[in-house]
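As written, the chains take the letters A, B, C and D, and residue 1 is the first residue of each chain.
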Amino acid sequence: MNFSSDNAVGAHPRVLEALAAANDGAAAGYGADDWTAAVDARLAEIFEREITVFEVATGSAANGLALAALVPPYGRIYCHEASHIQLDECSAPEFFTGGAKLVPLPGADGKLSAKTLAASLAAFPARPPHSAPASVLSLTQASEYGTLYSLDETGALADIAKAAGMAVHMDGARFSNALAALGRSPAEATWKAGVDVLCLGATKNGCMAAEVVIFFDPDQAGDFAYRRKRAGHLWSKSRFLSAQLDAWLQGDLWLDLARHANAAAARLAGVLDRAGVAVPIRTKINEVFALLDPSAAAALQSRGAQFYPWVCPGDAYAGRLHRFVTSWATANEEIDAFADVLSSVIG
Amino acid sequence: MNFSSDNAVGAHPRVLEALAAANDGAAAGYGADDWTAAVDARLAEIFEREITVFEVATGSAANGLALAALVPPYGRIYCHEASHIQLDECSAPEFFTGGAKLVPLPGADGKLSAKTLAASLAAFPARPPHSAPASVLSLTQASEYGTLYSLDETGALADIAKAAGMAVHMDGARFSNALAALGRSPAEATWKAGVDVLCLGATKNGCMAAEVVIFFDPDQAGDFAYRRKRAGHLWSKSRFLSAQLDAWLQGDLWLDLARHANAAAARLAGVLDRAGVAVPIRTKINEVFALLDPSAAAALQSRGAQFYPWVCPGDAYAGRLHRFVTSWATANEEIDAFADVLSSVIG
Amino acid sequence: MNFSSDNAVGAHPRVLEALAAANDGAAAGYGADDWTAAVDARLAEIFEREITVFEVATGSAANGLALAALVPPYGRIYCHEASHIQLDECSAPEFFTGGAKLVPLPGADGKLSAKTLAASLAAFPARPPHSAPASVLSLTQASEYGTLYSLDETGALADIAKAAGMAVHMDGARFSNALAALGRSPAEATWKAGVDVLCLGATKNGCMAAEVVIFFDPDQAGDFAYRRKRAGHLWSKSRFLSAQLDAWLQGDLWLDLARHANAAAARLAGVLDRAGVAVPIRTKINEVFALLDPSAAAALQSRGAQFYPWVCPGDAYAGRLHRFVTSWATANEEIDAFADVLSSVIG
Amino acid sequence: MNFSSDNAVGAHPRVLEALAAANDGAAAGYGADDWTAAVDARLAEIFEREITVFEVATGSAANGLALAALVPPYGRIYCHEASHIQLDECSAPEFFTGGAKLVPLPGADGKLSAKTLAASLAAFPARPPHSAPASVLSLTQASEYGTLYSLDETGALADIAKAAGMAVHMDGARFSNALAALGRSPAEATWKAGVDVLCLGATKNGCMAAEVVIFFDPDQAGDFAYRRKRAGHLWSKSRFLSAQLDAWLQGDLWLDLARHANAAAARLAGVLDRAGVAVPIRTKINEVFALLDPSAAAALQSRGAQFYPWVCPGDAYAGRLHRFVTSWATANEEIDAFADVLSSVIG
């Protein structure tokens, strides 16, 4: 009954097998290996266009380096006030960019609205060089609340961003879960909707430690290669990043795992619904947010259910909202066991 | 009729005279001159305690260096969303601190409320090392809207800050105007109300280019001396910063000039009131905010009145609010001339 | 015949097995897992004292983060002009420290001498705040030329550093090879000789991607935990870093692998010697430097021998020096094959 | 007898008069004033071409901001090991550039040689992205030892720099002294010899606090305007920087003052020569370096002569070399008085 995070479980067996298979003999390092080339080719196929791809081991590195390619060291990055880059990365974007300014905006259930973005841009006094230039819009797909931007919503936000001279960054730590839920092609969900750079997360969804930064316009990658090295994120034995991703992308394993996690969350939400627990945000991915009194939460936890209270700016449910996360490895038995515990506590 | 900014006018004659008087002969540089020692002593007297003082030429440098002494390069700095450090310094705080994160908060008429600050702190998920530590509260006295924090308000905000482990920075670009309006002692308005560092602005109020950073606890100054040098803000011929400040502080010239500017603004507000122009924010310092239709504003400007529309996050009057700033040099004749122009446009 | 680098080969089978064994079930992340605790305990045992340990995936990250804990953002870091932090990390130390200044010094065969360090310190005009403070001495053990500092040499350099107020950092990307060659205890080779922080490399010597930063004085670690997170170097699934290291340290596998690599280099040097190829630097670890004409080098490479010309500041052999690196996995057969190729080219 | 530094004296009377004259009435700020436009035009005339000019108050700011326009945050900047940017600016270049790496090179009497530069470039292993790209060559004219690069020497160094893809920065804190000594036109001494950016110092030579950054190719200025603001180096009352420079440049006052200072140094060197004091470096500008025993130096200082021992990397005279600096204000009487004191000590 570990619903604490999708990074609580390990790697999918096929990922581990790929590591073992890649271990034999010598190979070129620093991204010049065959596995990296294979990942590049596979992603170009998946996204249906020429792209420039960089691999790193963590999501904070992926986001920070991607943003640094898009923003001058004093530019403004618009993001949701509950976004990971604003709350959970210990000012990593400021570090990687050399001092850019995040402008956090409110928005219901973790999503920015076009109206809020447009109003914020209009209210910012544009007086260069006093005002930092608006440089990047960062969207999180799926959001930190497990909600999704429709492709129309993404497109409308991207249109506003581009009219203001901004590039569009997508934090896709759970992009595979989002994509599985959207039922649209990777291309439609990204560059066809105006996204310039996608940070595609694999760690939470079946890898050990592997993330991909995808520039849909290779020119925008700029000096990413230097910046990755400078930040200590270029692996010497790079095959061990790529082999994970290669296995993860083969045969659409990444989407199968995402569908599994999403389905587990839906099942878990059903359990909560049937027990009469309020689930105020309806997600379509592998997160469930439920309202629980602290005493009920404690009782569930004491019986072995692992999950966390959710504290977040702009959260209308502060104090009672709790987050449950399922993963590629969540078994029905875990959810059934949780249903039993829930009955005993609530019923 | 130049109400565009209090930096549109030059220096007070006594400041200029002091520069000329200081020019004779050789003197030690880099802050080891006699004028700097005199300023230090005078400020200790004014603030009624031992202090550590650093002089710089600009307000952005003063704020940035002061903040850098108080925050780790990843810490959080709480400020008003309309504050100068957030809007008007081209990400200087992020630069000087090496990447700290500003957390902009809303608040009526340019002021933070204790309630908003407390709520924001409570809603920030404190999960070190994922969450950046809350390090500094920055208050602007007077605010960008010309409003004042009462000493009780300052104290209440400082109490919340300190309970959360934060130091309190005061951006006092117009502190002399605020002090003149508050009618309280410099000590009461600062360290006795919980302020740790004051950036005391002199440029807008009668100097050429001179600002003072005052640490009320010398230990908090840390390595400011190194950071000032590294940022190119240590003057070799330092007497020319200090001589300005020395003259400005002598005989309370600084407060006399502030009172003059404040009175001029009150007179200007009266002119607007009598003409039936809405003045929605009642300031006590040298700024007046009035609601004007764009056509009326243009008509005034075409007749020689200089002022700007005011664009700002959280501004409820966006599109119609205009800012008028008076200064130590504003003559009654300018205001009378404006009254005439206003009559011809409005009447 | 791959002597290009010790990162050309993969991971030792026991490291891979450990990853597979660690993969089962859920585990706490971000360093709160059992494997991390085991590595901490094992290292404390190995180094015979209380220590503070941080794991990261790359050597550049280890060095950069370690240095950032020891130096203010403007401090001076003394290092050899051929050191990895100076030549091969794309200014990573400057990035992680927020702008510290590396002072590269010459020294025969990749080693700093006490005399050169003392002279450089004496010739640096100490005029704070104009001069950046001397903060860290960085030693590379083994050096980039495969040479070793004796414990006396380390101690003498550390004494000078400490007298000047500097901490001592050891870049130990090949520390295990050095230790195997020195025949002294880990404690003797580090903190007992004055080393404050060791970056212990495991990637080159049998791991996939794993390095350890060891602070011998826990107080010196400062805010490393925040800085690691901010730099994107804290793994969510941290067990996969720790499991590698756990296996690597168990039963002194790390030293066995180092001894193997060192012995292979000695065998390779013997081959070169017997062929009459000059080996101007006598290393004791897993690197061999030989003088080859470009035409001979090309002939060897065309027959399948992989190695690189060595270009380096202060290199007296520029143009003819070539580097051969052996590893934990180098087989005698590879060396014998190289001997055959060498005979055919040289003989 | 103050020969401690050329910043020990104040401003030339015409500079002070210009400040007073500029003080009347209101003026646009932030560089939009008439005085700034006049300086721009005057410099374009002086340098015989279209240029882009930025004013700041200190030399460290000028150098740091100029370098930041030319180098990525990880690039290499080649400079002399005794240069101001390496020794005397508390790592300001690293700060302004966001972490670039200075590569200090030796060279007799403060000057880089083409041979040394070429050798250093050749010995740096060019392995992107591991090696930071060579981005800027910084020359100091006149050097810290008061020596001059001939135009041929400048040209030869610039040719090497450009062949390596580097821009050429000139730290001209004493450029006016150098120009007066060279007897060539400003254009010949800079862009016609391959210099891309000149930091032209006025503070040491008759201003209070004023320096100019001149980009000979406006495209290379990049985002300097944003960076200057972000660093707190954009003055609100900008007329007070420009009015100094305007007066300084009018009627070639700058060159007249430089010639005066240079002549004073020549006279001082003559005094030392006649007293039998060794003057091992023959400068042509306003600095004199003499060999004195510590006891003789102390005796001179006790009799009122102000000067400093000179400590510098690569200094062959360490321990006995002392620096004397004359200025635009040095009177013959001071030198004559020194001659008397010298006689009494030495004779």
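Basically, a contact is a pair of C-beta atoms (placed from the backbone, for glycine too) under 8 Å apart; a residue touches a chain by one contact, two chains touch by 3 or more.
Here the structure is a predicted model, which is why all the values come from computation and not from measurement.
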A-D or A-B, whichever has more C-beta pairs in contact: A-B
Chain whose average C-alpha position is farthest from chain A's own: D
Length of the line joining the C-alpha centres of chain B and chain D, rounded to whole Å: 34
Centre-to-centre distance between chain B and chain A (centres being mean Cα positions), rounded to whole Å: 40
Rounded Å distance between chain A and chain D, as computed from the means of their C-alpha atoms: 51
Multi-chain contact residues (two or more partners), chain C: 73-74, 89-91, 95, 98-99, 129-130, 132, 226, 229-230, 234
Chain B partner contacts - residues on chain A that touch it in the complex: 73-76, 86-91, 94-95, 98-104, 120, 122-127, 129-132, 311-315, 318
Chain C residues within the chain B interface of the complex: 30, 72-74, 98-99, 128-130, 132-133, 223, 225-230, 234
Complex interface listing, chain C residues touching chain A: 2, 4-5, 7-11, 16, 19-20, 22-29, 56-62, 64-65, 89-92, 95-96, 203-204, 208-209, 226, 229-237, 239-241, 306
